[in-house]
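Naming follows writing order (A, B and C), and every chain is counted from residue 1.
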């Protein structure tokens, strides 16, 4: 804008003002704070559905997004001190789970199938170099992901703050929503 | 801007215009309508997953957000006149559900375990003073939450408008999306 | 703004500039690119939960939204060449599924109930003229919906690109999030 020197002395025209406005708007859109914020609810307590909130949260945080994960209902399992034993998969009622051999429903409810499915999933992820839940939790905390446990379900399930892993805050739905309403990326998992 | 009096007579400089633009942009960001709108899809028909859409919707509405809940597939159970009997929990296939004693899968499928799990969850929530589904539905309607039943799944499941509780509108996915595309908070539960 | 001719010659007043800014802001809000973008994660591999991502994606695309669906975990079933046989419903562990007659849990795990429930759901949707999964996939591709299969879960489940239907790209969580962070409509199904 080399010519602005002269224009400034006599004031800007409407066209020049609109041009400035569009420039500033473009800049504002590119730095839109909602594109830099992620708010994820983790409500499932099985091993398979513990991966998506942690993989998405660490990926979002790694690209510089301010990331919040709210653990509620069965999702509290993921941040429970005993998450290693609490996070299991169940082949029952999930005809979509790949199994080594096709199994009718009656077989999947036989005692022992759950532990087998759980250890199978763990070794399959490990073989493909997917980070474990423990590693994903560490990465999330290193990247500054806000891990928040739902106070209400803590009480309903009878959990104490000491039952949770280090670095988890307690919070309510209202506090979570006040972050989520300012984020483009909002997911209920 | 005490100096604007003089400037106005000869027109604003580019710097003064940029300053005004940034002020107005800041104001626009703070009143961004997308931060004041919530669009939630409720697709699950179990007692446990009836809580999250209603708790989140009433919390959002209580903080002044325009809130829409779209009940589709099994989520129609939540706004069915007989929701009290339709909303049940099943311990089958959910190894994450806390139970009083550890149960192998074979036990959880025995007739009677479902009703037991359902009444246990109800009394546990009640003891912790969590509002019941009936209370949450009342609060949602008092706060002006838009409760919309999915027309397509109504037809597939053979439900009539009279099968639903008072205050529920019928609508399609397109109408829901036209709200959701203007909302930051969008969740599929 | 018929009077701007005169104003321009002596420069705009602060009030005139604010007026222009608000006009441009209003225009920018109406064309907000985040309202024209949808980012959906499809993680379930059952017949019933194959419908919501495809119905929502095709509806969004039909109204002109740039739509991305990321198939991950069991959701890969939906874009697998053998989706017709892979997508099943299971009455086990889903007390919300309408059945012709009430069934205790023990009956729903009997071999044969799964296939019966699957064919019942298909014919029920068909009778109500709901598009089939095959038709929804065709519509999605015709409307230019971006169908992306999660590379990581492809490897974990041992799927090859050739195992997927035509027109599916491979991608990672980071690529998906870079779209999702610019979209108002973000759902995890």
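Criterion: a contact is a pair of C-beta atoms (placed from the backbone, for glycine too) under 8 Å apart; a residue touches a chain by one contact, two chains touch by 3 or more.
From a predicted model like this one, the values you see are computed outputs, not experimental measurements.
Residue numbering shows that chain B and chain C use the same positions for less than half of their mutual interface. Overlaying the C-alpha trace of chain A on that of chain B calls for a turn of 120°, given as a multiple of 5.
One finds 18 Å separating the Cα centroids of chain B and chain C. In chain B, the residues that touch at least two other chains are 10-12, 17, 21, 25, 34, 92-94, 108-109, 184, 186-188. Residue ranges on chain C touching chain A, taken from their complex, read 1, 4, 7-12, 16-17, 20-21, 24-25, 28, 33-34, 41, 43-46, 72-74, 77, 86-90, 92-94, 108-111, 113-114, 152, 155-157, 173-174, 177-178, 180-184, 186-188.
Touching chain C in their complex are the following residues of chain A: 10-14, 17-18, 21-22, 25, 29, 32, 34-36, 38, 48-49, 51-52, 55-56, 59-60, 62-63, 65, 92-98, 104-106, 108-109, 124-125, 128, 130, 184-189.
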